[in-house]
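The structure is given below, and queries will be raised subsequently.
A, B and C label the chains in the order they appear, each numbered from 1.
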């Protein structure tokens, strides 16, 4: 990132202090632990028969809190390994603030009762999702913004993410348990739009830096393994109770296996190098998870996951080869970490797959699992076509919000010190 | 590995495409999710009273799917760290394909009902075991075969592993929950026999490469810690329900502690260097787990695990010092990653220990735990001596199958392009 | 560490052999698996209604053994990453021996019935705590003692830790589930006192070595992530059953987020460098956990965790800037890994916070959670003031025992071969 002087360092220090103080005050005023529904209760059989209050239309899995956060943070490992140790400090700052901010905003929308937010274990999982979206956005502009700007980006990104997620999941009843649309696609396109507006004259210097961005193999290996270990659990962390849960895990697992094979199919054809670079395998794993975010709990047949994973695994090699240069030269969008190929397009593919599956969802195929996956469909208050259209409109709404929000955020950046006053007009050309 | 040209790259690409397409077709034709016995059900107390259908004679633990896969993949972490980042891409390819292939084959043998394979969470764990055996085999020939050959080795290795496992665990009722025989010994000797037949004139170049094979410490440290964290759970992943399970975990844990001490006892005597290399400690941990694979759930007394672990910890230092040079010079067997010292011999020791324990198993010593560990013994349909003989014959059968299979596979390799047509005769001399 | 010759290597080998043989004999004589209360039972709903026997006044969480050890070992990951790969071998040796030794000693104190120690899953967790305290102590003297001395330090440290823990938790009924006092403060001050007595003329050479002690970023990143993933579960591993457990997890999580922000507030002011070093963020995470060790299960309001974490996050930057040079120049205490700033002071702060919370604990604020957190208070056999005074006296007792024990241990060291016979007088000046 840009070398900040003494002023810049103090500005970062001050902003962190301000944000943390503000957050503490809000927590003091509003946030309390959920009084009766501790997650620990559910591991004691005698208490588990009383149903925990639903949270929006998606009853979150009420399991041990530390397992949840453990799984959730696998996300972070993957991102860090992609962005490299040099950016790790900033990534952790993003997570530390995004989690607190997401807890507050999501609490106001979801768990605000009697003037207090009632915090529980599932709040942490949702907050992890928010932090993940913020990290994806950061990935598009990494190395071109200073820490202060990154914090502001996180502030706005998490706010928009929470609004979008609340609209889609709670108000519209869209099924997107693993965040194909709300996390991957939203985070990627939000970051890309910000990146579009950040485009600076000294952008040419970026190209080498982007190449050195390929970390030492050790780090990428650790990241890839973490993905394989933790992410199947992450995509299923907020799926419906009971029977739909293992579907999401197994589907994600199969999807990762197939997408790895796809990378080995395509990369030798596209690239001259004799051996595959680990970072390509990591890209395949991330894409496989992004495509399974929405469809993971919907896929009834394992071979569907294999096919979807195989297709998702084709996207990153093709994208890095053909799309990223095109974006850079024509659309003037620099994508430092390639979030478009790894999160954006696979997320869109996942949403289309989810739409298709919702259109095909019949009680025959799902049996007792229709209720947890598509509750409104099961209760008869919505048709299959209606649900499918909603899943599709969720994608369009997210892209629209990401585009508008990205323009707005980029605008705020460009109005900052040391940058010319270029406007949203450029973004919307 | 050998530097592949354009032809070789395209051959890898084509083989991956072929295998993946074939797998998808088989999955489409045969594999469905298990309809009623989702693993998620078991975390809901009300549904848990109905017993899940046994799977062979070993009722697998029916727990959360993601915990299972999480633990299972700890295996992979350890292997990758041993083989080094340079081989990580190939290892992941092996895992990605081995899991799909093992799911299919094991499904046909274990879960084939009404023309369909019913996939569940426990299938993933068994598939992880298969992938682990394939990785161990790969470890013996790593750096001397190209990716295409590695894939074929995986294809054959997983097939033989599945046959062997089915014969031993299901047909013969052998207890080997952690895979001392089926995973460690079988994988190691299968790989060693293939390595024997691969012996090439340019084998001398290997010796330096083997030395550079000692990875940077960071990587080995991460691998060792992963072993300590994940493997105790892995060895107990398929143990019997209930009370026998913590035995396997605690025994493995104690075994690792004692074998680490053993390495600190022996290494200063054998080697001149002043400080221990981390890779030696990792070897000790792997050997400790291999020896506990079969006996882990059988050992009634903790000090037994300490003694077994201590003995297992003596094997790798002695083996690398005296046995590996002997194998290389006399038997012409190159063992790139030393799988013989780390997996092979400790696995054999574990099988002998298991035999001894089965011979000593009385209802007095085991109490209610006899039933889950030795079900046939508890039901009176088998004597202690019979069970012990079976445990021993399991070792011999596995070694025989590994030897024959290794010869067959090596033969197939040697008949490949660019290699002289040497035959099985050499193997069986 | 000092370059040991052949004699030194053989002495290490002999000591390891001696200790391991001694441990095996003790295990053979005394240790058996707990006959009826296997942890696996609790995952089977039907058996869970029978209450497991309490262990001291703190009923440990009786969950799956491998989850426990998995979480416990997250501790180790963090320490290793702090001390660097060069010291990893010694750290693993410390853990391997400390676990066995702690199992024996804690078994004699806690689980000794009918002449036998009954080992269960929770024993492993407590042993992990002991190993953690030993690792912290080792951190203060790392690089200045040879492996033999490290083993002896572990032997004495674990013995004193077990005595201290038994006195505080079982005899006095102090609540310290995450070990603010028993693990962090005790381990740090014990190590510091030993370090004081080790002060040698060639101590000047240490300063450079201390600087090279900053590991490559990759390693620190992995350690920090492991902390975030595993430690919230670790602090809650021995908390009371049920509802108090998620509090500890969530509080620790929030504390880590706030302390990371605090580091970003303070570091830019104190240091000239433009970007934060990852090791500073890791320090913040460790401090945040140390401060939550005692208070984690007591804090009713999330903002309390944020404030405590923020304060704890200020300690390491200030400590490394002002306190460590002062300790080194005035008190002649070298602190290789800065355990005073990262474990010692935050642990003391955590104990003070715990005292305050105990003084404020009312049945109104805690509701049904008073019983698991402060059992004696809930039963009316102790007043709030009494409990608060006990929590405070726990801190003082631990510091006293750490100081005396450190002097004793340092004395034993200094009397060793090759060192002048300086005495305890110097320690107590």
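Following the convention adopted for this analysis, contacts are C-beta pairs under 8 Å (C-beta built on N, C-alpha and C of every residue); 3 or more make two chains touch, one makes a residue touch a chain.
The structure displayed is predicted, hence computed values, not measured ones.
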item: Chain-level touch network, classified as line, ring, star, complete or other; value: complete
item: Cα-superposition angle relating the copies chain B and chain A, to nearest 5°; value: 120
item: Whole-Å gap separating chain A and chain C, where each centre is the average of the chain's CA atoms; value: 35
item: Junction residues of chain C - those touching two or more other chains; value: 45, 67, 216, 218, 222
item: Complex contact set, residues of chain C against chain B; value: 1, 3-4, 8-10, 12-13, 16-17, 19-20, 23-24, 27-28, 31-33, 35, 38-41, 43-47, 64-67, 69-70, 73-74, 76-77, 80, 85-86, 88-89, 92-93, 95-97, 99-100, 119-121, 124, 147, 215-216, 218-219, 222
item: Interfacial residue positions of chain B with respect to chain C in the complex; value: 45, 48-49, 63, 67, 71, 216-218, 220-222, 224-225, 228-230, 232-233, 236, 241-247, 249-250, 253-254, 256-258, 260-262, 264-269, 274-278, 281, 300-303, 306-307, 310, 367
